[in-house]
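First subunit A sits with subunit B, and in the next complex the same chain sits with subunit C.
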Partner chain A sequence: MKSGETMEAVAVKPTTGAITARRSYESSLSARGEPFLWGLGGALGFGVLLVVGFLVLVFWNGITTFWPKPIEVVTLLSGELVAGEPTRREAFKVGPERLASLPEAAKARIIADDHIARRVLLRTGNFDLYNDDYRWIEDYKIEKVETPSNLFFIERQEWGAFVGRIKSLSKDGAVISGDELTYAFLSSEQQEARQRFRAIKAIEKGEIGEVNFELNQERLKIRKAVLQHGEGAPETKRVEAEVEQAALAMKVRFEALALKSQEIKSQDSKILVTLADITGTEKVTPLSQIVRFYPANDLSLLDKVGIYLSRWSEFLTDDPREANTEGGVLPAIFGTFVMTLLMVVVVAPFGVVTALYLREYAKQGRLVSIVRISVNNLAGVPSIVYGVFGLGFFAYILGGSIDALFYPERLPNPTFGTGGLLWSALTLALLTVPVVIVATEEALAAVPKSMREGSLACGASKWQTIKNIVLPRAMPGIMTGLILAMARGAGEVAPLMLVGVVKLAPELPVDGFWPFVHLERSFMHLGFHIFDVGFQSRNSEAGKPMVFVTTLLLIALIALMNASAVIIRNRLKRKFMVGHF
Partner chain B sequence: MMKTTALAAALLMGASFAAQAQTVDAKLADYKKVSGVSGSLKSIGSDTLNNLMTLWAEGYNALYPNVKIEIEGKGSSTAPPALVAGTSQFGPMSRPMKAKEIEDFEKKNGYKPSAIRSAVDALAVFVHKDNPIQCLSLQQVDAIFSKTRKGGAAKQAATWGDVGLSGDWANKPISLYGRNSASGTYGYFKEEALFNGDYSDSVKEQPGSSAVVQGIASDKYAIGYSGVGYKTADVRTVPISKKPGEKCYDANAEGAYSGNYPIARFLYVYLNKNPNQAMDPLRGEFVRYVFSKQGQTVVLKDGFFPVTKAIADEDLGKLGLK
Partner chain C sequence: MNAIVKNTGQSEFESTVCHITASSDGPVIEIKDFNLWYGKAQALFNVTMNIEKGLVTALIGPSGCGKSTLLRSLNRMNDLIENLTIAGGMHLEGLPIYGPKVDVIGLRKRMGMVFQKPNPFPKSIYENVIYPLRVDGVRDRTVLAEACERALKGSALWDEVKDRLDDNALGLSGGQQQRLCIARAIASDPEVLLMDEPCSALDPIATSKIEELIDELKGHYTIVIVTHNMQQAARVSQNTAFMYLGRLIEYGDTEEIFTSPKLSRTQDYVTGRFG
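And now, the complex of A and B:
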């Protein structure tokens, strides 16, 4: 700005020649830097627009997905009835072949409309009846559209949604239908049925799972003994006898549990509900298979909010079902969180120590520069390359050796010799370590020399100076580096696909069995879940909303982790502000 | 083509079944739970079969809560190495193993891998829902997708006019979608529809079957191939004929069972079974479950077509599970 002003002053001064004045005035415009400023501002605005647009798109689509929609019943000109949730509408050009097949009235209307017609995509559900769950309906085929009451949207444990009416409920042989079958009555029955369903699940997953875990451990003992002492050796025989005894006791426990769950199941199978689609085709299903149901066209705002929240809570706290397209994402949230945390635990000391040595101890010279350049270049290596390295080095070489040394009894089933939580965390740590090193180095360099010298002058050793003076003051900068590393790591998917992320992991990596954290287990990840549901699920139409919701969740999770790191950093900053003069 | 005929013949063994499509063979056995099944299983292989394996795993797990099953599906080509290395127990594949893959397996184990024909898939050629095309012969499909045109077409089909569309469509270029080369679908389509020719360079290779369908849904002039199970309301399947001028058959159960639909195939699950030993109950019961009424209902749920009792019995017999 300053140079611009002086130029202007020079330009105004000569009053004799108008031409000189204009020329210098023109040049001063660019010299003042204003077009440049506009360019910068524009670039910033464009960037912000992109980011905000993206966030709004994800946020809006994610937040509206679970809101209950009304069900439309469409009567077609052919007399056919179709019921479903309208999901999308679009205008389209009617081709000549299709136009020719239409009745005259419709044809005239479409021609008058410039060959444009409209259509709506209805989510008809009932995949088990129709072999299809979405259907486009063109407006020229429609006779009328209604939203009748008492039409239910029913979410089922299997086969996806059912759209239709609830005909009757048969409970222990007695059939309840007609006016007796109120929504309140059905709801309370369904709640009870779901409780039974959860009880079965708790027994089968929790208690039976425990028995099995122990049983498996016992079995491994035999294999271990065989490997140690050889087959038929007295020690092996002793272990075998012991295991047999333990297995027998466990079998008794298992039988008791299985009986218990069988009892609830048989009780459960006696309560059946008869559903009918809009044309009257009936479908009988156990009531406990119904996850949620509501009369879509008779809901008050409060009811809608209730359904909305209940869907969110299912999404956040439940296991996925139907090959990940429905249900919740709890295992994926958990996997993402644990993996990122583990990555930070690995990358923080590793990166900080490297930077400390580079900045404080190493003799600055050609070698250190080369190391530094190499570190910076590491940040530019495609992430899939890290994945390949992780698989080859960590999983196959390191993991394979660990298996051969410590888990020979489990071979050929690999324990560490395949992708898993630990290898994923290490691979991502490798991927993000340059960020931490660079940030830490900058932070260390920013600590004033006077402070170091003061400390050294007081007789502190180099390490004491670093520990007590330099590191605490560099901490906020180091934290910034870690935050960046975390954000990058949590959002990375490509390398993980090679080193441990799976579509369906049967167990969480942390549970109640010793050693509680199972680093060798493969896990689910939100990022991979998005890829899987978006590109691999049977019905991409049904998967799309789930993609948005999961993306929203992943962004929220990363934001949450970052926010907590920022809070810690600010605490640290404040702590050392006091010490400043 | 040999393979398709074999498929048709095999399916016709359950003759009465062909008439009533989209339900499972009523003669298939109900699955009966047995005791003593526990342990963990891992499946690595086909992406086409990924959802099906997951659904089977969910069903099997509901019967045997003490079984853990992990599923990984990144393409059929990933199945054989995992089986050879012993990292997986099941290798779902959407194409049969190649001689080289079988050889690798045999070198390690001393016997050949076993396969079960777990479901039937009509490999569908999809177009956008507004596309008026009524029929394509395999030769035309080859002319569209291939640059070598081993099917005998005179020239590459670059626009929709080249395959017989008129009006607005005639001069619109055809936009091609396909699978990546790790996929068994890629290999099968190359073999059957491209007569072992090479894919055209302009095929947009997608990482999953569903991605192909989504690509076509958002591109009005697109054509692509993937398992019929991935069909959505935004795309339609094109009926295919074996030779130019013959009758076209749609990618549905009747077409696949009768063998009239030329690119129907079996979906396989490979496993490592020593011919001299009985199969362990953990895997044996899984195979039995797959071939039960319940298991084949799951096939329908995923949009593929179930196998008949005859096939189920044959494959169970081969594994000594009958």
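And now, the complex of A and C:
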């Protein structure tokens, strides 16, 4: 009996005192493994907490951004008036220098509060008047806060939001103001003005764009003829004459369209609205420049929901404006989606075929091992390196050759010889192909040997066995690899910045001009949009809500694409993985 | 008509005692001095035997004696294994199985095979049965349907599955799955049916059904069956080959092997004294 431990053991198993109990019959805590279990569970909990916290942050900020907020009018002690949407409130520590400059009453209160004061960030808008969108107001400067009615929040085509009142509307020279200027009247006028605005845009971007496109094609015909037959050759002359003829007809069309748009424009410029900020500074602007306006403090819940939904629909279906910080992200959604889809279309056959050869046909030896290790290591290469490779190899070498062969008439303007949708998709395909190869190899290896033998014994060739038995059976595993590749590819931004993503590309990669899908075009991407809006715009505070909404959208888009792939995979799984006995 | 042939050799390990029931159609497969090595380890030593047409031949012997290896050599399933060396010859009705120009796929089409564990494909019952025809490129629906019905009737599964041919084959019970595999093996009407312990994963009822089936199929097909179950060998086969340590020890009429074997080693094995 040397220690307490042996005493316990003896107590559990009564033996005679003569025999020294050597073994404890009660398992120790570490043997039961419970501390490890707590550690494992804790690690999982921590991970889940991080993910959930991130999702909640993005979701909450993204979902509330478009909800209309009231406008507060703050009267400062100095008599100054400031109006704006309260965006954020926070406590801050008042420094000694600032404290010394304050009046006694405020000073005493702040000192009593442990040198902490509160402040609110107001979205004042009116960038054209104040040179700033946001302003911090400290609570010790405030005399009173009101939310008066008839104060409007106005979203404009340019210059961002305007916060203030609508003074008057001048329509064809007649000025309407005061009681005649009702909200309903303004709304209907604004609807009409927006329709004119859209008509102008349709003519200028759509129809005139079409004429310009065709005109450019005709000019290229001359260049092509010159390159083919030489300058001054009879064929070239003939082409030149033809092009001149066509260009003449187009000029007529162009002028007619220009006249039409000019007409609408002059009509539009006669309807002006006079806005005034809270201090009375006036600003005159065409009514058609106003995208949306609402009396922020006089809204019912239904009105708010309406505004909320209309903002979401604009966000999802419109082009961006105001350096991407406002408006929609349709080109970015489209670009992300098309690029990811194209990437999957490229990476799926490429990766699967490679894995098939490696696993099924190649003689397993040192060479195959080296290839396999190299493929695995490719997954660890920083993505920006792929971007550099994509730019150098795909865009400059491959694209340059394509240009020289097929589009010599357009040089020195590159067609394929610069970043674009196709090269981005190929670069990302290269980036994600190791994932697909590894997953496919695992899936192929997991196909039971008995099934291959069954097929071979039926007189099937090796290829028939792979095609009919092995590949269908491995399909769920291959799909898992594709899902992982897709998730990685859709979220990748760094390489894309080198091979085709741009800040603003209002032309979608798919449109009505032959050949309808323009793989050479640069495009917008939601991931890059987040970077651009959040960190490259003139006012990061203005971009912040958009960052959250765009992040939410990107996550939703990736989740949607993954979910559809998962559904397909599970359907396959149900088909192939029914219990054996 | 029992012919007793004692091969000239030194010991019972070096030669085969042979007293088989010969078929009126003669042998379908002739194996002559067949040797096989996995890497450097020799698995089969000088196996010489004739497999008689239309009869059931059972291969028995303790685990690791090479009976499965011999069976899988017959339709060259062993080709999948790397580092495999063979010597000696096998002929399927005069065609050298290991000849340099032999078409392995065509060879396997002449020999259906049933494995130890049922291995239906994850497809419908119908697609499973007609798989050998599919890989032959048969497209005619009536031909396929007829072949499916014939094969399923041949494997005594038709009545159980005729109403659910489009169901997934993995939903069948183990015994049904094995009979489905037999149906698949006979769907393209092969000459020889190779069975590698077809009942080892099945319960006694399913086993007896398969045994009945083997009884019905003999005559139409030549059947080679590997089994660990000596009663089974005694019940279904006409000839039995006893193998031990990679050698064919005794090959003879089943009744004689089980009642009056020529060698004491065979006697020991079939009476359960060793193995």
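The rule is short, and it goes like this: the second predicted complex is superposed on the first by the 548 of 581 C-alpha atoms of A that agree within 3 Å, B and C clash if a C-alpha of one lies under 4 Å from a C-alpha of the other, contacts with A are read in each partner's own complex, and residues count from 1 in each chain.
As a convention for this text, a residue touches a chain if its C-beta (ideal position, glycine included) is under 8 Å from a C-beta of that chain, and two chains touch if they have at least 3 such contacts.
Since the structure is predicted, the reported quantities are computational estimates derived from the model, not experimental observations.
Participant: Which partner does A:Ser369 reach: the first (subunit B), the second (subunit C), both, or neither?
Facilitator: In the superposed model, A:Ser369 contacts neither subunit B nor subunit C.
Participant: When the two structures are overlaid on chain A, which partner does A:Asn539 contact: first (subunit B), second (subunit C), both, or neither?
Facilitator: A:Asn539 sits against subunit B, while subunit C stays out of touch.
Participant: I'd like to know which partner A:Gln267 touches here: subunit B for first, subunit C for second, both or neither.
Facilitator: It touches nothing on subunit B or subunit C.
Participant: Between subunit B (first) and subunit C (second), which, if any, makes contact with A:Leu456: first, second, both or neither?
Facilitator: second
Participant: Output check: A:Thr317 vs subunit B and subunit C. Expected answer is one of first, second, both, neither. What do you get?
Facilitator: Touch partners of A:Thr317: none, neither subunit B nor subunit C.
Participant: Can you tell me whether subunit B or subunit C touches more residues on subunit A?
Facilitator: The larger set of subunit A residues in touch belongs to B.
Participant: Identify the partner contact of A:Tyr134: answer first if only subunit B is touched, second if only subunit C is, both if each is, neither if none is.
Facilitator: Touch status of A:Tyr134: first partner only.
Participant: Let me test your reading of the model: by the given contact rule, A:Gln245 touches which partner, first (subunit B), second (subunit C), both or neither?
Facilitator: Neither: A:Gln245 stays clear of subunit B and subunit C.
Participant: So, does A:Gln195 touch the first partner subunit B, the second partner subunit C, both, or neither?
Facilitator: The answer is neither, since A:Gln195 touches no partner chain.
Participant: Could you give the residue numbers on subunit A that contact subunit B in one complex and subunit C in the other?
Facilitator: none
Participant: Could you list, by residue number, the parts of subunit A that touch subunit B in their complex?
Facilitator: Interface residues on the subunit A side: 92-93, 95-98, 121, 127-128, 131-132, 134-136, 158-159, 204-205, 208-209, 211-212, 215-216, 254, 261, 321-324, 412-414, 417-418, 497, 502-507, 522, 531, 534-541, 543.
Participant: Going by the contact rule at the top, pick out the subunit A residues touching subunit C in the complex.
Facilitator: 448, 450-461, 464, 468-469, 472-473, 575-581
Participant: Which part of subunit C faces subunit A closely enough to touch in the complex?
Facilitator: 75, 77, 80, 105-106, 108-109, 111-113, 115, 117, 119-122, 131-132, 134-136, 168, 170-171, 173-174, 181, 184-185, 188
Participant: Under the definition above, what is the set of subunit B residues touching subunit A in their complex?
Facilitator: Result: residues 22, 38-40, 47, 50-51, 54-55, 57-58, 61, 65-66, 68-74, 86-87, 129-130, 132, 167-169, 206-211, 213-214, 217, 229-230, 232-234, 300-303 of subunit B touch subunit A.
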